[in-house]
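In this document, chain identifiers A, B, C, D and E correspond to the written order of the chains, with residue numbering beginning at 1 in each.
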Amino acid sequence: MSEIAKTATAENSVPFVKRYGVWIGFFIMLMVMPYIFSSNVGLYTMNLMGIFIIFALSYNMLLGQGGMLSFGHAVYFGLGGFMSVHFMNYIEDGSFIFPMWLLPIFGGLIGLVFAIIIGSFSTRKAGTVFAMISLGVGELMAASSLIFVAFFGGEEGVSGDRTMGPPLFGFDFAQDVQVYYLIAAWVFVTVGLMYLFSRTPAGRMANAVRDNAERAEFVGYSQRKVRFVSFCVSGFFAGIAGGLFAINFEIVTEENLNALTSGVVLLMAFIGGVGFFVGPIIGAVVFTLLQSILSNYTDIWQLYVGVLFVLTVMYAPHGLTGIMMMHTPAYRMKRMGSLLVPYLRIGIPTISFLAGVAGFLEMIHHVRSAPVDETLMSLVGIEFDTHSVMPWVVIAILAVVGGYLAKTQVGQFREAWETANNPDAKSEGASS
Amino acid sequence: MLEVLDLHAFYGKSHILQGVNFTVGEGEIVSLLGRNGVGRSTTIKSIMGEVPPHGSIKYKGEEIAGLKEHEIAHRGLGYVPENRDVFPGMTVRQNLLMGVKDMKKQGRWAMEDMFKMFPNLRERADVDAGVLSGGEQQMLTMCRTLMGDPDLVMIDEPTEGLAPKIVAQVGDLLAEIANRGVSILLVEQKLAIAMRISHRLYVMGHGHMVYEGTPDELKANDQVRKEWLEV
Amino acid sequence: MFELIFFSLLNGIVTGLLLFMLASGLTLIFSMMGVLNFAHASFYMLGAYLAYTISIYMGFWVGLIVAPILVGLIGAVVERYGLRYVHRWGHVAELIFTFGLAFLIEEVVQFIWGKDTKAYLEPEVLQFPLFTFFGQNFPAYKAFMLLISIAIFVMLLLILTKSRVGLIIQAAIHKPNMTAMLGHNVPLVFMGVFGVGCALAGVAGVIAGPALGTFPGMAVVLGSIVFVIVVIGGLGSLTGAFVASLIIGLLQTFAIALDYSVNDLLTALNISFDADSALRDLWSLSLPQVAPILPYLLLVLVLIFRPTGLFGNRET
Amino acid sequence: MSAAIELRDLRKSFGPTEIIRGVDLQIEKGERHAIIGPNGAGKSTLFHLISGRYNLSGGAVHLHGEDISNLPPYEIYRKGLSRSFQVTNIFPNMSVFENVRCGLMWAKDYKYSFWHLVDREHDLNRKTAQVIEEIGLTSRQHIPAGVLTYAEQRALEIGISAAGGADVIMLDEPTAGMSHSETDQAIELIRKITDGKTLVMVEHDMGVVFDVADRISVLVYGEIIACDTPENIRNSKAVQEAYLGAEAED
Amino acid sequence: ADTIKIAFIDPLSGPFAATGTNGLREFEFAADTLVNAKGGVLGGQQFVIVPFDNKISPKESLVQLKRAIGEGIQYIAQGNSSGVANALTDAIKKHNKRNPDKPVLFLNYSAVDPALTNAKCNFWHFRFDANADIKMNALTDVIAQEDGIKKIYLIGQDYSFGKAVAAAAVKFLGEKRPDIEIVGNELHPIGKVKDFTPYATKIRASGADAVITGNWGADMVGLGKAIGDTGLDVPIYTYYAAKNGITKTIGASGKNKIRLVHEGNDNPPLNEEITAYYTGFKAKYPDMDITQYRIANTVGMLADAMEKAGSSDPVAVAKALEGMEFKTLNGDILTMRAEDHQAIQPIRISVHTDENVTFDADNSGFGLVTESTVTAADSALPSTCKMDRPS
């Protein structure tokens, strides 16, 4: 959904399916997911993904679309959560009658209110000043949340019970599947709205101000106002995400608005690719998967996550979406096939190399942290003795040979890549 | 002094320089003429190493193709870019200081020389270079390179955007530079200046030289001027 | 009371100067290279851990010298093989890189040294109270910390004002090509600055390790406070960083030391309030409680009213 | 009827140095006015003062009789004054189409709307396409502006400035760095796009100036030393001395 | 045969990782030596401890709880931080209400906020440690006998447990020694203080002649060190000032000054059995110590309860646990009080010293030597719990 491709479809002669196909597909996917991943863990992961998708997209309104680097976006997310959980408790008390599924609205509204207050001074400048104000405000809020126990519940946060509202079509939200559909509905609506926002004059000018704030002033727009509008809208959606978080977990704590959460959303958006509308969605999905699945398999998963981040930033500056988009020229020219073999030739040794390194780390970790007399460990189902030489040799061979072979393949891969993407190259590129 | 042999350069896949050959002698002023986009700036950039050169570039008898930019600069090659690349956040004086490579060595040029030549600069010495007028920035860029005491300067369109009167001044400066024994490789649009001060001229076509001669010879050669230069 | 004020003043200065040691490296990197180095505190942690290991075998003093050098080298390597590569993707990418790096370093440290607190101790020679006042000790080690920080401040100030390095880097941030073509070895300078910045963080770590504890969370605990200092002081201003460090150090110590609360104020003004109201937390707010937020409050206020920071003269 | 632009004793200092030293100037509606002067005379500064980029140190600027001194740039734009920049100033990561559309949006009254979808606003898009056609970039409209060639960027710069249909258009060295043929095209474009409007431009290319301008002001050291028809300026001794110098005959 | 999985939800990363990791090892060791090595329960089923990292955050704990439940685990063990326990007990109660067919049981081995067995008590929660009130009661008994103490400073972490300690101290001191002045009652953020010197200065300046703190983990290391540095030479009464690097850090400066209240007993060892247990653990994990003796009780008692119930169904096991008596490795008798699910057991006060130490901590030569013991009966305090039981 890159910008340029979009302007091309400005004409309205495009057939219905082509025009809304993506959205219909998205809708169907949301509907059937729980049938495919029906386990508890699956539902849990998808719910979290949905929440993060909204949150990351709202963040990208600032960073990707408006050029505002925020270190405090969790403030709106967290406040949205707290507000919603309080309302949840009012509903439980019976002091307030309201359908549970609309609760995120309150989250959105408080996000909006705070965005208006904070945005009124922070959007005056972009760049470092904005970034640092957001950092300051973020830390301020996080620290305050531990002090103002009445509203934030201190270290323990505030919890609620989502099943106490009037049921909707027989949904009382006791089960995670029901919450899934609630979240999915919100995801569908908010993703749509956020996409549309990027296509409005305010959204377009946000891009313009990001690109060249001064010039925007000379075509009639106050850069501050343009940023302010984006900021408020972004705060609103972050608040909604917070509300959904409250419903899903039934607890909101200081962590929801602290710097770590702000950092996570930044990472998600960036890893996914801030230059693309779908970037943050992909980022949120991948991040959640890593977080909830990798940790099932290894103790040192955070080490891998760290390595992964660093590598992504180094080699995929436009995020995962950027990597995918790099393939569009080849795809358009129907040359994807010619890349398959080169990918395999470089991929297999690389995987062997990575497996070797990961195995090495796992073994070291095992030797260091396992009880003294426990020398047996198992990796991918294979059991072996870490105090014998063999496993180490195997691992070393995997890493060294894989690494070496991968290195020798770089040249051929690069060449294949060039030919596949070079419009002038005749079809001989395809056959090689 | 500078000897370029079969130089090729690329931007991505487009082959911009397709075998450029020319020389600049000791103390010589050589101009590189040609239409927009034929690759004159690219020639200079690839000599400086900013655009990766393919081919041979000998400076003072030594091969410099493939060296890093700063190594090339240290061998005595100076470069004045066409786009007024001043350091905007730094004052005029600091900009000039940036040109100096070795603080301990006294070269041909002192800051005072620069100020004498362009009193404008003296007046604005402690102002951020970014706010200078376009013309002043152009002067600053040139002076900054001279501060590094090069033996050969390559100057890309020094008179662009300058008022006619200043253009004349620049002409004088070029003459002064040559006077102090520095060779010049000049890229110019304004034929008049190039004709007046150059010892030799090259005319560049698409990616390679199409003509070489003295100013007088070029004046006489209507055909080249018609075909390769705009009159 | 006087005892409290006297020692709080001393503690504030010690804390402030320790923060300055960290901030100085960050200012160097942040203001010169424009890199918001989120991993700065992680290099500090590395310094402490490396020094701990070295001190086991060769004693504290060797660690004091060698560990920062090692950290500096690690920093240089990070610049050379990571940051330099990322640089071309812009500042946000650099920032995310350091973000990831911070994460990575913490994990690596835990991987190598484990999760428990290390018994990294002050050197024997400095394990005595320098003086005792009102029966309270002032450890000699703290005085030592004080001296080192001041020495670093003076040294850096000299280097920055007396050499052209600062200028070259500033030029190279925006126009690396142009700077190189004027004959400056830009990559080397960048690597050097980053290395030195990290080494400074390393020194801080070596020195703070014994005083504040050497544990995997030691970087996180410092958190963003160092950024706050650099920004409050003004980007690019070493003096600013120095002053801001002291302000923050004193602010935090005194806020903890002085037990005043809104309640006291209200009582003094003879106002009473409802103990059950939703705002009760506000009324009972006390200085030690708000101590952690004061630096951030200061940051926001400074940025609103003086976006260049106290001593800075540029915004970006 | 009041003048399109009227400057009254306009002054600007940076620190101790006064760059603009009391400029009085009237530019009539529909006039094509050129400002020339040596480098550093303050021409661009004058533009910045009029268009709101800098605050005034003294004096006043009137646009169609209304005082616009010290208004922010966007307010001035909204009152009908648009300008281009000496150093190309476009939205580099957006497509050419989007660049021009941004130049149109306020003029078409969309403001900060978040309830219109730009792709659905056919009138807006049609007008954008038309402007792009005029600046000759139709074949390049989906390319990010940052990768255009220099001359194309200059054309885009003019396009963005003129798109909104402001009555007063100010161009700062529109042809700088262009070749002869490109310059000719640029002049053509300027003519077309400013038809029936007031044009103020700064130029060093005397050919362009004498070709386009109805009247010329000569700014030297922050003061206007002459303001007259091209004929008279060309023959003025003072101007020759201060600006054209020895190469005047060229 | 089958296995019985027990989810261990505690911090395995972050500032309190050391505490959590140690607990995990102790759980594994207890399960292996006390249950699995003896042939398991219910005819050979083995205990498997499945670790979940909650980074000591209540929110993250619920996330992990969901995952654990998703994996079909029905026993949840947790202890580090009462904040987490409060969130967990709520969530588990809710879960069991919504999923009566698959209930889970909460084995709280260390979170000692009294509320958990009072106002917030529920059928699914069992606490194997003595709560903060019980411990403070024992601690203040000792303090009450120190006539030299006139001024006391209270400092703790700002969360439910810290607050509970402070409240209990104020209450019991007020009852037992109304003449003691409380010169400071301070809470600091948990896990966030980088330098405790300002606090130590304040304590010193207050003229206190004793300090009470519930601090643990990194917060205890920092506090202990800062107090040592100021040269403050007064007794410090603590809950958790030992092991996990704390003993090593405090070292000689705390000798005979630090007293600690706990349910366990390190020195002198009371019998062969416990000695073997300690030695076995030390052999397996030379860098660690038995930090939480109650873990052995938790595992042992769970196994007994399963045998007694004849099933591993949480409801049956919970019913079996209610009122159950258990003989610990130390030879103590522990009773799981049915009315509030609070374990009632002897409480000991130990001193930090390097004399007569058989089992030291952190391999530092220093360790805890028991000075006095309060019997189970004496330690019990009444509860306000009103519990709903499934029929």
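By definition in this document, contacts are C-beta pairs under 8 Å (C-beta built on N, C-alpha and C of every residue); 3 or more make two chains touch, one makes a residue touch a chain.
Because the structure is a prediction, the values reported are computed rather than measured.
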- Common contacts of subunit C and subunit D, by label, are A, B
- Query: Farthest chain from subunit A, comparing Cα centres?
  - Reply: B
- With chain centres defined as C-alpha means, what is the inter-centre distance between subunit B and subunit E in Å? 78
- Message: Quick check: how many Å separate the C-alpha centres of subunit B and subunit D?
- Response: 31
- Message: Centroid of subunit B to centroid of subunit C, CA atoms only: how many Å?
- Response: 46
- Query: Which residues of subunit A are in contact with two or more other chains?
  - Reply: 302
- What positions in subunit C touch 2 or more of the other chains? 114, 292
- Item | subunit B, residues touching no fewer than two other chains | none
- Query: Which pairs of chains touch one another in this structure?
  - Reply: A-C, A-D, A-E, B-C, B-D, C-E
- Message: Give the list of subunit D residues in touch with subunit A in this complex.
- Response: 51-53, 72-74, 77-78, 82-83, 85, 89-95, 97-98, 101-103, 105-107, 110-120, 122, 125, 142-144, 160-161, 163-164
- Note on the structure: In their shared complex, subunit D is touched by residues of subunit B numbered 35-37, 120, 123-124, 127, 131-136, 138-139, 157, 160-168, 189, 192, 230
- Query: If you look only at subunit E, which of its residues touch subunit C in the complex?
  - Reply: 12-15, 17-18, 21, 186, 188-189, 191-195, 197-199, 201-202, 204-205, 218, 221-222, 225, 229-232, 244-246, 248-249, 287, 362, 364
- Note on the structure: Contacts from subunit A onto subunit E in the complex sit at residues 39-41, 44, 48, 146, 154-157, 159, 161, 163, 174-176, 249-253, 255-256, 292, 295, 299, 302, 371-374
- Note on the structure: In the complex, the residues of subunit B that touch subunit C are 48, 50, 68-70, 72-74, 79, 81, 85, 87-90, 94, 97-99, 101, 103, 144-145, 148
